Amino acid sequence: MLETLVTGALLSVIGIYCVIAKKNLVKKMIGLGIFTNFIHLMLISTGFREGGIAPIIIRENVGFFAAYSVDPLPQALVLTSIVIQLSVTALGLSIAILAFRHFNTLDTEKMNKLKG
Amino acid sequence: MDVIIRTVTKGIFPFILLLGFSIIFHGHLTPGGSFPGGAVVASGFALVAVAFGLKGAEKLISEETVHLVEGLVALMLAGLILYESFVRKYVGLGGGFFGMWSSPTVLSLNVAGGLMVMSALVLIVFLVVRE
Amino acid sequence: MNKKIIVLCLMLALFFALVIGVFSLPSFSAWESKDVSRYYMDNSLEKTGSSSVVSAIVWDFRGFDTMGEETVLFTATAGILTLMAVGFRRRK
Amino acid sequence: MLEYLITILIVSAFLMLAVRRDFIAIAAILLSFFMILALFFQSQIIVVRYGGWTPPFGIVWEVDKLNAFIGLIIAGMASLVTIYSIKCIKERRHRFYTLLCLMTTGLLGVCLTGDIFNMYVFFEILSISSYGLVAFFLDKNAIEGAFKYLVMGSLGSSLLLLGIAILYGLTGTLNFADLALKVSHSREFMIALGLIIGGFCLKAAIVPFHMWKPDAIEGTPIPMGALFSTATAALGVYGILRLLFVFGMLQLNLMLIILGTITMLAGALLALVQINVKRMLAYSGISQVGYVVMAIGFGTSAGFAAGLYHILNNALIKGLLFMAIGCVIYITGKENLDEMGIRNRTLLVCTGIGVLSMAGVPPLNGFVSKWLIFMASWEISPLLTVLAITASAITLAYGLKIFSSLFFAQKRAEGKIPTTMLVPVIILTILCVIIGVFPQLGLAVVEPAVNALLNQNQYITAALGGG
């Protein structure tokens, strides 16, 4: 549990650094993806359970399933959130393609408003 | 692309589709479901688009077909989800647990969602490859 | 170059602050108090027939969320159609 | 009835992809406006259970007077914008209407939902359709504004999701009413609430997060500028209000007052130095949201009434100004302040009324809510009143800049304005004058919303009780 949280802190810092400091549009999108992955990690770690099993009922564990399984609700939420993240990334990358067509570069230093 | 990739694609494409639809249809029994399965199917079409170019991929599934699938599936999803899960009401639970027909609601919604994800991703891949 | 170093230092500070914050965080709520997911685990098999609890939540208990999620996917498709379809014709 | 509303909006958006007829989206958005209007006049709280599951387990939508008030503003502005864009958008109109339909879905969804994760999903529908709409013109300004908005907006909605994750970890539930019962006011809870409110502050463009708004509005088609400044801003304020009140967290007052004051002054000062009229109106919109947030931060019922009244007036005035200036740009084709001369009398009168009303000249509606805000702030601290009057004076200054550039221009362009563009402008002008002359009418709309805001227990019991 603790190592998950430390990894999460590391991921969030890398993500924010990527978004703020990198000058390349695609790298900014990658940073955004890393940051979102940190949040997915946090969300799924709220369902953590010591020695838990996957939330799938099979014939062998019908009766005592709920006593051992991990929390299924955060997994469902993460599933939804991943699709949303995919949509945002797809739209962002297509905007980056259009920006490349206008400016012939992906460098924010050579654009007007995206500086800094 | 060169001949090796084309040949491998021809051989492997049906199996990718099979795997994807198997994941979709077993969504209520095993891990996975609509989104992973739909993504696998779409990746099969993306592979064809890479190997044979956009022309080859559009022979398999044209953009109009994708639009049509998306619209129909959307109507189906809206109907299924919004109106008090009528499958559960009128079909009920079909037979014993742990079987293919144990959960008609989740099965039908999984298929609809999988087709939706597939069509959306195929459309995105087509549009970006066309650039 | 100077700016980059400043940002890097800030990020390191943020990282250590987060780690310290993590160590002082009390654990999340006890397992027994999560009656919502408890309800899902107990009733998934009888009420929806699905043996994968996550699928049952995604498509049945919280199906409206998933409807919204598919709409998000469709929105992204519509946005990319708006952005991309024109450029193709203009270039031709 | 609510489930029909969301079905109509989503299905018509899907249909637009295949059929490509504009009237589908126009009819859907107008229909949704009339549905919200019907909801607004219902007396009791309406709860819709999707899929037939009881509330803490399934997803509910819940409409009390506060929801209905904000939803009425959103749907009204969306339908006016829809009518306005019939002639204003010249190419690829079916794509524009698809995205507009989805954006209305997102706005109404966030406004009416009673489940916090459902709120996040609709928040993302809203965000993604707005990114597409900002990039609609595909020129340099639009692309850069869209990318900036996309990066900042995604960070904001990530913060929202992080807050939701912490809340779920603390309580194990996602329903607003259930959360309100289970939550304890610990430090972690404050962090989570701060993150979620940060996400909404980004949508409302409160000052530390306001950078996207001028750039985005400069690149968009002008009807979208109207929607961003009115509906999205109202939605951001609604999110802050709902979260603070349903959890009973009124200790954050001081933060809201400070943020609101800074936003008010900075927005007004930045608007003063702009030469592009779209950017000036964008900064002006930021400044007006600052007034609202400051008034809400007072924590008194007079403050809430003044704040909610100002949301309504800001929507009317900013919608009027954006649409009227859009007509001017439609004729002249220029966006700079010193090239805006026109001959059309009706348009000049409407724009003049809008500018005067924004500056708070007495017989018009802007004066009433600003007066209420001054009165409410006097009870808290006279310093705030002085600051608010200063910001109001700066508003008058840049209002006069627009006024003089319209009325004393040397070159005046001729041109015919389509009726569909003129009708929304005239409707908004008439509303401005009527509410200004009869302030009781506006107060009659606002009063039930304030009562609903102060009686959150009804909201909680209506969600969980009643089988």
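We just call them A, B, C and D in the order they show up, numbering each chain from 1.
The definition used in the following text is that a contact is a pair of C-beta atoms (placed from the backbone, for glycine too) under 8 Å apart; a residue touches a chain by one contact, two chains touch by 3 or more.
Quick caveat, the model's predicted, so the values are computed rather than measured.
Ranking B-D and A-C by contacting C-beta pairs places A-C first. Taking each chain's centre as the mean of its C-alpha atoms, subunit B lies 38 Å from subunit D.
In terms of their C-alpha centroids, the spacing between subunit A and subunit C amounts to 7 Å. Between the Cα centres of subunit C and subunit D there is a gap of 26 Å. In this assembly, the C-alpha centroid of subunit A lies 29 Å from the C-alpha centroid of subunit D.
Shown for subunit C are the residues in touch with two or more other chains, namely 25, 28, 34, 36-37, 40, 45, 51-52, 54, 58, 60, 62-67, 69, 72-76, 79-81, 83-84, 87. Shared interface positions of subunit A, i.e. residues touching 2 or more other chains, are given as 46, 56, 58, 73, 79-80, 83-84, 87-88, 90-91, 94-95, 97-98. Each of residues 30-31, 70, 74, 78, 81-82, 85, 98, 117, 124, 127-128, 131 in subunit B touches at least two other chains. With chains as nodes and touching pairs as edges, the resulting graph is complete, every pair of chains being joined. The part of subunit B that touches subunit C in the complex is made up of residues 27-31, 33-34, 70, 74, 77-78, 80-82, 85, 88, 93-94, 97-98, 102-106, 109-110, 113, 116-117, 120, 123-124, 127-128, 130-131. Residue ranges of subunit A in contact with subunit C, taken from their complex: 1-2, 5-6, 8-10, 12-13, 16-17, 20-21, 46-47, 49, 55-58, 62, 65-66, 69, 71-73, 75-76, 79-80, 83-84, 86-88, 90-91, 94-95, 97-98, 101.
Subunit A meets subunit D in the complex at residues 19, 25, 28, 32, 35-36, 39, 42-43, 46, 73-74, 77, 80-81, 84, 87-88, 91-92, 95-96, 98-99, 102-103, 111-114. Within the complex formed with subunit B, the subunit A residues making contact are 54, 56, 58-59, 79, 82-83, 90, 93-94, 97. By the touch criterion given at the top, residues 3, 6-7, 10-11, 14-15, 17-18, 50-52 of subunit D touch subunit B in their complex.
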